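Labels A, B, C, D and E are assigned to the chains in the order they are written; within every chain, residues are numbered from 1.
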Amino acid sequence: MVEKLGAVAPAPEPEPERPAGNRALRKLRRSPAALFGGLLVTFFVVVAVLAPVLPIPGPAETDWGAVRKAPSMAHWFGTDEIGRDVLSRMIWGAQASLLAGVVSVVIAVLLGVPLGVLAGYARGWTDAVISRFTEALLATPFLILAIALAAFLGPSLTNAMIAIGLSAMPIFIRLARAQTMSVLTEDYVESAHAVGVGHLALVWRYVLPNIFPPILVQATLTIATAIIAEASLSFLGLGQQPPAPSWGSMLNIAKNFLEQAPWMALWPGMAIFLVVLGFNLLGDGLRDALDPRDT
Amino acid sequence: MTEGVILETRGLGRAFTGRKPLLGPATVVQAVKDVDLEVRRGETLAIVGESGCGKSTLARVLVRLLAPTVGTVFYEGRDIAKLGGAELRSLRRELQFIFQDPFSSLNPRMTVGALIGEPLKVHGLGNAAARRAKVARLLTRVGLRTGDAARYPHEFSGGQRQRIGIARALASGPKVLVGDEPVSALDVSIQAQVVNILQDLKAEFGLTLIIIAHDLAVIRHMADRVAVMYLGQVVELAPVADLFANPRHPYTEALIASIPLPVVGGRRAQVPLAGDLPDPTDPPKGCRFHTRCPYAIGRCARQVPKLADPWATHQVACHRTDELALTGLTTVAVGRSPEAVARFEMYRAAAAERAGSTGLEISTEE
Amino acid sequence: MTTKRTFALALAMGLGASWAQAADLRIGLQDDPDVLDPDQSRTFVGRIVYASLCDKLVDITPDLEIIPQLATGWEWSDDGLELTMTLREGASFHDGEPFNAAAVVANIDRSQNLEESRRKSEVKSIASVEAVDDYTVKFTLASPDATLIAQFADRSGMMLSPKATAEAGVEFGLNPVCSGPFEFVERVQQDRIVLEKFADYWNADAINFDKVIFLPIPDTTVRLANLRSGDLDMLERLAATDVASASADDGLIVEQAVSLGYQGITVNVANGAGADSPIGQSELVRKALSLAIDRDVINQVVFEGAFAPGNQSFPPTSPWYNADFPVEGRDVDAAKALLAEAGFPDGIEIDIQVANNPVQTQLMQVVQAMAGEAAIKINIVAKEFATLLSDQSAGDYTASQIGWSGRVDPDGNIHQFMTTGGGINDSKYSNPEVDALLDKARTSTDLAVRKESYDAARAILADELPIIYLYHVTWIWALDDKMQGFVPYPDGMIRLEGVSFNE
Amino acid sequence: MNDQPPLLEVRGLSVRIRGAARNLVDEVSLELNAGETLCVVGESGCGKSLTALALMGLLSDPPLQLMGGKALFRGQNLLSLKRHNLQQMRGDQVAMIFQEPMTSLNPSLRIGEQIAETVRRHRGVSTADARARALEMLERVRIPAAGARLDAYPHELSGGMRQRAMIAMALANDPAVLIADEPTTALDVTIQAQILELMRGLLAETGAALILITHDLGVVAEMADRVAVMYAGRIVEVGAARAIFEDPQHPYTIGLMSSMPSFGDSGARLVTIPGVVPSATAMPPGCRFAPRCPFVEDACGAQPAAKAVGSDHMVACVRAPLGVAA
Amino acid sequence: MLAFLGRRCLIAIPTIILISIFVFGLQKLLPGDPVLVMAGEERDPELIALLREKYRLNDPIPVQYAAWVGNIVQGDLGISLRTQQPVTALIAEKLPVTVQLAVMALIIALVIGIPAGVLSAYKKGTWIDWVANVVALSGLSVPNFWLGIMMILLVSVQLGWLPASGYVPLSEDPGQSIRTMLMPAFVLGTALAATLMRHTRSAMLGVLQSDYVRTARAKGMGEGTVLVKHALRNALVPIVTVTTLLFGELLAGAVLTEQIFTIPGFGKLVVDAVFNRDYAVVQGVVLCTGVAFIFLNILADATQRVLNPRMRQE
């Protein structure tokens, strides 16, 4: 009977491939907020990438004759405390801020997710050890931890990124652990056991792909936090070091010239705000788009 | 081991221990207790009972998705708890499981092809091309298109997903298929399609089916034998027609009597059982059913009835079974006019013809 | 934003008005002082508090002349080994203990012998001290020390109540008892230090405030904002870049005094492996760097012209300044020529460490830009100050941007940096000729001899340049215009005698 | 049928997702007479629950949107009541019971309070009186130790007890119409029997009319005076229970009944309805059952009008009455 | 409940030990010789040696750790290397300041966040929801310290409404105390209000979709009753948890705010201590914050149990 059904089945038409992300992408594209967020992020990324080819003065080019000059045709965003073009420094600073955001989150994800998956998968004492470790890290205030680490490693952008990455790691351990545990209770994991799927394959094919969406959302939102954290560290003098610009270090300087040169504080603050807003909007949009409950 | 028995349990029990409080002992639920069961090669055995009776746990213990806390499961004479390595892998190949919820039991991140091909891959059966061919064959067999292999589970309806689950279970060439409420999440019309497929496949592959269900109509339709469970224990085990016609355990009688029948003015469902299921962490002493049993006597509260004569065709665990005359379900006749009967026949014929003309009983969505 | 503003407005109107009281003086400090024990403390702001809290044996004038304070007169023996001081009668400590010769003896003993004393090196030359009578004290020195009197004008000369020091020991700083115009009331770390007028002060008539409250506010902008809003009456270390706007503000008075200290680039010439660099090994390279820098431009760009460009360890305003070596102009070509002469015609690259605070990094970025034009590529290595210091001590640096807060006596600005084995000679510069000149300057009580020695040493140092001096800080105070009588001193202290509100 | 006007008369009720092309509930018309039980039966997604929610004014808008129709109850159109009037109506004259007794009770309020608050709301009685009424209701739904259960939280009750509490709550103000949406689906079969029995008894006592939404033909057969069969948002067949069960006319009704495994013919292949229910976004034009109907013909491309095929029996099918011809 | 608390406290012990190791490790992590900083400008070698000895910096690290833990158990967190004040006294002095800041910020956050979240969830999809979300996201996206600077510039410098910085103890002059703390509390509270609003919104959205809210409406309850008695009451469970945890974050988040507004609290204490290499203070403060955070966590769980009848009995 079934053979017969198979035998006379109509020649199947090749269906166009539709990856799972498609639906999420479509939903994302329908959300104006997420689109705006994506646009903001893209704008800053493009600007940062194009920095070397844009017709702007070098970020370290000084003009002793134009110290702390208000925005003008020559210097659209004004000049800074030693006569550098603020627009140029903003554009080059975008590199530092975005890099700091992305790299530190990559560090946090690469360290945190395996640990979290391990804890959630292995349970028992492995979980206990990792969980206590995570709790202890979480209980140490983020900024203090980052300050201490940045101070330990020496003030530089790279070290700030490491410090922020390490500080953000527990978020991902927790999330990955919780998500892993929740995935493991899913029927399809039991189904994998029934079929005889091994541990590694289970983690690789079942756990990781299924915890990916919440991790992605969290990563996007953490990039936003990390950018602020980098700015905070730079603001305390522990991030990007001069003469290389970053928005946080520009603010660090600018706070000394609030009255004489408010534009020096205005632009970097605005830029941080906008790019962080962009990531937050994007993260929110992603969360909504990837939420399976809301189809 | 008895000839013809493929799966057998002896004194099987499975307990779940809750988190231990700081003071006092942890709560323990005996989800399955003292189950002795033989499953015969080629039969369809149904395990029936209400929620919390332990039937799903029993199903999982049977295929080693859960380890028993006491007792043994023998598959073809071998204790499955003692299997390792190649033997365990072959057990996994031969004992397969179908899940209740077709929405949550398929990994949403894998294509249908990958899902169905996974058991083959895991067990190293065939190369990639052979696996692809096998997946295509399985898909058509459960009434889906070969092109569906590239799609993801969420693109399918519930019935279609259950077919995917069945194809996946069949991929490794199992001998025993355990279905945990395989059709209860489906609408009636879709349920019928899946029931038909399961029956066809069973016949074609010579499978042994163990179906967990609470829907007595489906069980009546599919099963050869039925085991009725109450609070973790099998209280009655009998061939299906015998069980429905002549239940010998009061609980079975109550279950059957509770079924609302689709007949207007027919028998009204009875309310033979008062009260709720007792707290499973503190089950009644003696016969676990005695607190709700309309026929209970003093002895029932003290003495645990044994499932008498494990080799008989109709087994029952009740002290009073011989004294009671219990009511079963007699034939159910819908009072339809001849025109109506003819209409039903016409429908049957037209539906069959239509299935034949398209080559498919089921057309895919959209 | 609008909602926030309305919200703030509503609350602001609902709450009380300013709370400052008439005779309370509120002074904004840049830092929170460390422990308030003159024998143990080490911060500049601590000294500002002591100026009101603890009297010294002697004081200075704005022109750096030594004048009496608790000592009314002093006399050197001819060999310069004995110093006899006459003490003020009728002065007493805040706890009522009388000030007398015995107290001086006890104080010198504490400075020399308290384990944690940070004053030991300052009073090292004193071999013994004795009370000749109640109000006469005699110091006997192991060797002549021209700097001693100047030390008595600072923390080494501060007199603490012997009873309090005996009782509190090392913890004296938690509740300091001195003899200054104000006595200690309370301290909340990082928040405020409250002093109250000492009724029995010997010069109480010159004191016009009931209370002085020191409030550490590190952010210069915030400090200024507090002054403008009336929450402060005065502040120290106004940012140079705020001078223009503060001066333009009718409600504010700005006062300035060039400091005693300097800022420069210390080059590692012999301190371990770090010295192995072109700039460490070649004085030509150091000279080239010095020539590449336009000190006037630095002063204009970074400090809006408020500071003093510098090229030696004494500021131009100092009597010890060597006018033969005026601050030279920038000469990029000469710098390049020197580099070529030193064997680096294609330029060199130098790592210079700098404390990661905004002003110093800004300074170094300007230096970096200037040096770059002379083919000297500077890599700025920003470090936290604590790290910078330990790396500098350990010789783990090539060059280091660091300064010195300055001392009243010229010796303090040069001897320990430039002599072989000098306490803070982190460049490990060593030149016997310089050693001899500076030793001579420190032991002679003859001002002419001293000046001559310093001038000679300067001539050598101008060639060898272990430290490339850049500028001298100007202390800038901003005061509410109701303040009157404030006198700026080059030591940056705030002396409240004669200062008052003008209502 | 009697000659009195129906207690509740629904005409042309339509619901759709905002912005969607077609209605999820399409032109549904129903009549409910005083004291009778009307069962609305259909498979998941057929719109039976939405119909009930629309009548109660409980559609979550957005995303759902009432597209039209009226529901006359005692001279008032329920669908156009002002919010205030609707609130006065709900729980008083028209009450509702939901499917999930687990989630339909507020987990943080005691059972007694949940019943009493609706009494206070609609009868304006004192707290003590409302509590007394709550106790009375718990006793009427035969909850053992009702006095103690007044102060229980929902999680402390079993599923069956919770559904009894829901019923007590719904009937607390003696409504004229009770709408029950799959009230026993989440329950075990023995408990279902208890609840159905209880409902039958209470309806007889109070004389309330019941709209029972279910997918279970067995429950329908037990409870219904009249039956409406829904498919894909439309009513395809409506009539007296006996007519529907014994003389079904719509191919869908026939298919649905055929697909049920019966207790007679063990092992035989089941008759099925081919294909699947159309999704909300892909409703076929014309007869919505046409793509799955074995009797489909060209005329099915147009929306079929409801035809009377008996005294109280209407079918929306162009082939009706379905005879052996054609 | 007691058993629950007991178990949670037991679990907290290893975590606290780990924190103490982290905290102690900080000392070894921080580069730069504290003694050099302590010794003053002259850096007298003799004095340096003496200080090393005095603060046991020459001992092996495990010995130092053991001594430190030994003292802590006796309630002695050591002495500030900078001002010689006992760390416990410093903490006792600073804690009320930061707690006042945090409480005020929390009140601002609650007053703004919860109503906004409720309204936004109730009006989901409308312009009110949209505006609330945009404002909340902006609140999350604006760097705290920048907002602080801008507010000082605007409110204090330009408008002169509020003091730019400083701190007046509540006991001394309540009005002035609140006035000085208002701006920092607001700056600190913005991000928190945003977080709270988003949590409230999502909790309310979940609850508003729940069957029992539908039941309440079906009973004819008024929208106000539905919103507050049925929805918010249940949504409060996660909100209270979040709030308790946020309070922990607040303590930590005060770091930059205190820095900018020169508020002599925990955050400023610890940052200054890090930069001054005042180990004893860093260790003491971070340990206290960590322990407080853990107990806040426990408190959050306990509150959740109290609020949620399902979790109340054990």
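Here, a residue touches a chain if its C-beta (ideal position, glycine included) is under 8 Å from a C-beta of that chain, and two chains touch if they have at least 3 such contacts.
Keep in mind that what you see is a predicted model, and the values were worked out from it rather than measured.
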| item | value |
| --- | --- |
| Contact distance in steps, from subunit C to subunit E | 1 |
| Other chains in touch with both subunit C and subunit D | E |
| Chain pair, A-E or A-C, that carries the greater number of C-beta contacts | A-E |
| For subunit B paired with subunit C, centre-to-centre distance based on mean C-alpha positions, whole Å | 89 |
| Whole-Å gap separating subunit B and subunit E, where each centre is the average of the chain's CA atoms | 54 |
| Approximate Å spacing (C-alpha centroids) for the pair subunit D, subunit E | 52 |
| Distance from the mean Cα position of subunit D to that of subunit B, given in whole angstrom | 30 |
| Sites on subunit D at which at least two other chains make contact | none |
| Multi-chain contact residues (two or more partners), subunit C | 219, 221, 384, 387 |
| Per-residue overlap in subunit E, given as positions that touch at least 2 other chains | 30-31, 149, 152, 157, 275 |
| Interfacial residue positions of subunit E with respect to subunit C in the complex | 30-34, 36-47, 50-51, 54, 80, 82-85, 90, 93-94, 97, 149, 152, 154-157, 160-168, 173, 175-176, 178-179, 182-183, 186, 260-262, 264, 268-269, 272, 275-277 |
| Sites on subunit E touched by subunit A in the complex | 11, 14-16, 18-19, 22-23, 26, 29-31, 133-134, 137-138, 140-146, 149-150, 152-153, 157, 251-253, 255-256, 259, 270-271, 274-275, 282, 286, 289-291, 293-294, 297 |
| Sites on subunit C touched by subunit A in the complex | 219-221, 224, 239, 241-242, 244-245, 297, 300-302, 356-359, 361-362, 364-366, 368-369, 380-384, 387 |
| Of subunit B, residues touching subunit D in the complex | 50-51, 157, 159-160, 187-193, 195-196, 199, 214, 216-218, 220-222, 240-241, 244, 254-255, 257-266, 268-277, 329, 331-332, 334-337, 339-340, 342-344, 346-348, 350-351, 353-355, 358, 360-363, 365-366 |
| Touching residues (chain side subunit A, partner subunit C) in the complex | 60, 62, 64, 67-68, 81-83, 151, 154-156, 237-238, 241-243, 252-253, 255-260 |
